[in-house]
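The following pair of complexes shares a single chain, subunit A, combined with subunit B in the former and subunit C in the latter.
Up next is the complex of A and B:
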């Protein structure tokens, strides 16, 4: 386990280095002159030259890269062109806000997904109702779902705030939009695992022992479904984070996602690069976490790691 | 005096498909009946029917199964659940698949005591460890904390036996429990089964396709083909004087048959067992070396050959 874990951490660090290199190269693809972003579009050429020199923009690319990697390694993600504040501070301020949204979305996703999956998986025949819900959720694009919820619950019914705040009520619509998107995947995985476990030989053993059905379901069937769900959370994390960016934008929710979206429209390179790196770190960390948790709940996982 | 286990005229159906037709036999207390046949002979369907473990869609269409004084075939709901493990136990073939991969061996035995006898957790755990010791497991405390994938095939099958015997069932159905094991381990498990039978008066219905296993363990034999019991009798009689051509062919596949007639090559039974509905008449006739006119017409009647030995074959000369 310890060997496996250290290997995974090393691999994770390598991936993060890759992401840092990629974001560094990505900035050259962005339009606009960073010096102009800072000094203003009508700045004198001399001023621009000074700014460029201060920002080391005239240095060779390799020197810039070394400086960038060095500062990222020290935990310095640069200073926002627009807000004139350290990117680390900007992200740090919004991290709890986004974490709340992500947690609520995951809660919705897991409760509904696992609930529907179990309900369907424990039936003898696949439910057409669930199939219809799945098709609906899969075919409605997230953005229209978000706008639809806004229209109905915020504007027509006026039950919930349309966004902009960070209170508990402000979390409902974005959390729902974020969570509903993943429900079909969790429902399908849970339903199939449940069906497989119900048909498994070990369930027949449990029946033959005369255990009560409730106990069989709870102990023998559900426990074997935990592992695939944890794997799915890990796999889904990258997609989930892009969902966070999108939902924060639609609901004007002041988290890291909307920060990234603003940075993108404002050509605020340091902020954009910083949020991309943070996103990558979160994805890699959650995949690692998912593996560790799976190894803890599923004794078989440890054996696979040893091999 | 009636036998300990009595199976009478059992028909098993999966929808339109009849897997078992008119199966009847009896097992005396503390003895082993081997139910022999190829894949698709209906032996597993019959075993599942007796253990009331038929998968959804399968049913006992008619006939009765009585174990001790319980008519198992008519049980339902809570009554059936309470009979499981106590009246009839089940020992599966593939112990790797039959044990839950994410629960320890000890818990899977202990949960039987906890859920069925209503004993405390710690007491159930103690019972489980005692049971593991009884099936010949060294260091049972340690094994109780292990998972299926950490145990060897023989150990897993011992755990399965401990689990199946936890509530001292009146009949234990052993569904080819040694098939997946290598020969030396198979011999150990068979020896353990005989020992447990001697000490605790266990009654076995032993499903197998291996005549070698039958010779090791069986007091009586029932041979199945195409969903029917084509011959049954005391093991000695069936081995020394097999009547049905299918039984003879099965016995010829045994390693021991080589010693009796060293020059003959290993016998293979030509053709393959029926997969869908069996052919009209005797189900074995398309593969039978002795088939003659009546065989593809009527199902031969079951004829008594004395001393509990019966067979169903037109060669016995009694018209159906």
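Up next is the complex of A and C:
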């Protein structure tokens, strides 16, 4: 286990280094002169030269790369061109807001996905109704679903706020949008592992022992679903974070996603690249976490490890 | 015999209903894009384009089947012209991302060793990049032309295809007929072309359909965020962005392009589901049923 985990941590670090290298390359390829972005388009040549010197823009690429990797490793993602504040602070301020949204979305996703998947998996035949719902949910991109919910519940029915705030009511529609999008994946995975568990020999033994149906489902069937669901949470994280950006933009929710969208429209290079790096770190961390948690909760993973 | 043939065709149609509906829907969208010039100039702002109070016409108004936008431009003409751009991006990006993924996945699975390590580690890096976030960063660099967006979407989606193809190709690599071909001295490229690729074809087709759905939604999504085709060129994503501001007083500005996106994604999902179901039929039975 320890060996496997350390291997995963090393691979995760390699991925993060890869992402940092990519963002560095992207910064070089970005059109426009950063010095002009900061000093303004009509700045004197001397001012531009000072800005360049301060930002080490005239240094050789290798020196700049070393400085960039060094500062990222120290947790310094640079200073926003527009807001004149450290990128780390800007992201840090908005992290809790986004974390709340992500948590509500995940809750919706898990409750509905696992519930529907279990219901479908326990049936003798696959439910056509659920298959249809799955196909429909898969066909509506996150932002479209957000617009539809916004139109119906905020504008037509006037039940919920149309967005812009961060209160509990403001979380309902964005959380629902984010969660509903992932439901088909979770439902499919849970239904599949439920069917596998029902067909497995340990269920046959449990039935033969005369255990009641509810107990078999809770103790033997549900437990085997936990592991694939945890894997899916980890794997899904890259897509999930994309959903966060769309949902935050549609609902004008002041989180990291809308920060990034603003950074894009304002050509705020450090903020844009900072969010990419933070996003990748979150994805990789969740994948790693999913592996650890799965090893802890799934008895089969431990058996494999011992053998 | 014609009667039997008709009966067979009918039965095939019933069995593949999902596939047929998906193909018809996708074909319909492509046709919609092809006949776009019939619906008039998408940039024209005719005198009757706005109501007397300067509002846009709603759906089913006289002369404008899908209404007009806030400048009085015809929404039908704009969505059809938008279909050209959106579908062009979707088809190109689908081909390039699945193509690149298939090449990388097969090469890694077939040649193994350091090639596998290198290619699959690069794949891992791309898989851990959150799509939209890096899409915005990439679009800032590559630019917002059709080719630029195709490049961005390809960069974001090839790794999924590569992962899936790698797994399947690796399993094929261990099959006896592939080992026999290698042992009898058939060159690697021929083995890939003659033994591995044909056996992957149905997987690649399913992948292309499901990837198509993702590519349509991300392409329009990037445009919606402002990182795609720029107005005034109509594209479903930037039409969504224009309509988002008018959601409470003229929702058709948003609902028309939204319906286009959803119908196209839906058609790809239907095709993908139909193809995927053919491959994976569960024959297991439940012990609880006894």
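Following the convention adopted for this analysis, the second predicted complex is superposed on the first by the 301 of 307 C-alpha atoms of A that agree within 3 Å, B and C clash if a C-alpha of one lies under 4 Å from a C-alpha of the other, contacts with A are read in each partner's own complex, and residues count from 1 in each chain.
Following the convention adopted for this analysis, contacts are C-beta pairs under 8 Å (C-beta built on N, C-alpha and C of every residue); 3 or more make two chains touch, one makes a residue touch a chain.
The model shown is predicted, which means the values in this text are computed figures rather than measured ones.
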### Query
In the superposed model on subunit A, is it clash or fit for subunit B and subunit C?
fit
### Query
Regarding the shared-chain residue A:56, is it in contact with subunit B (first), subunit C (second), both, or neither?
neither
### Query
Of the two partner chains, subunit B (first) and subunit C (second), which one does A:144 touch, if any: first, second, both, or neither?
second
### Query
Which of the two partners, first being subunit B and second being subunit C, lies in contact with A:196: first, second, both, or neither?
second
### Inter-centroid angle subunit B-subunit A-subunit C after superposition on A [Cα, multiple of 10°]
80
### Query
Looking at the overlay, what does A:267 touch: subunit B (first), subunit C (second), both, or neither?
second
### Message
On the A-aligned overlay, A:14 touches which partner chain: subunit B = first, subunit C = second, or both, or neither?
### Response
second
#### Entry: Greater residue coverage of subunit A in the superposed arrangement, subunit B or subunit C
C
### Task
May I ask you to decide whether A:223 touches subunit B, subunit C, both, or neither, giving the answer as first, second, both or neither?
first
### Task
May I ask you to decide whether A:249 touches subunit B, subunit C, both, or neither, giving the answer as first, second, both or neither?
second
### Task
Considering only the touch criterion stated at the top, classify A:85 as touching first (subunit B), second (subunit C), both, or neither.
neither
### Task
Would you sort A:212 into first (subunit B), second (subunit C), both or neither based on which partner it touches?
first
## Note on the structure
Overlay on A puts the nearest Cα atoms of subunit B and subunit C apart, in Å, by 5
### subunit B/subunit C common contact set on subunit A
124, 200, 204, 207
### Contact set on subunit B toward subunit A in their complex
51, 53, 56, 81-86, 89-90, 92, 94, 97-103, 108, 111-112, 115-116, 147, 149-150, 160, 163-164, 166-167
### subunit A residues within the subunit B interface of the complex
124, 200-202, 204-212, 215, 219-220, 223-224, 227, 297-300, 303
## Note on the structure
In their shared complex, subunit A is touched by residues of subunit C numbered 121-122, 124-125, 127-141, 143, 213, 217-218, 220-221, 224-227, 240, 244, 247-248, 251, 254-255, 258, 261-262, 265-266, 269-270, 273, 282, 284-290
#### Entry: List of subunit A residues in touch with subunit C within their complex
11, 14-15, 18-19, 22-23, 26, 29-31, 122, 124, 135-136, 138-144, 147-148, 150-151, 155, 162, 192, 195-196, 198-200, 203-204, 207, 213, 216, 237-239, 241-242, 245-246, 249-250, 257, 260-261, 264-265, 267, 272-273, 275-276, 279-280, 282-284, 287
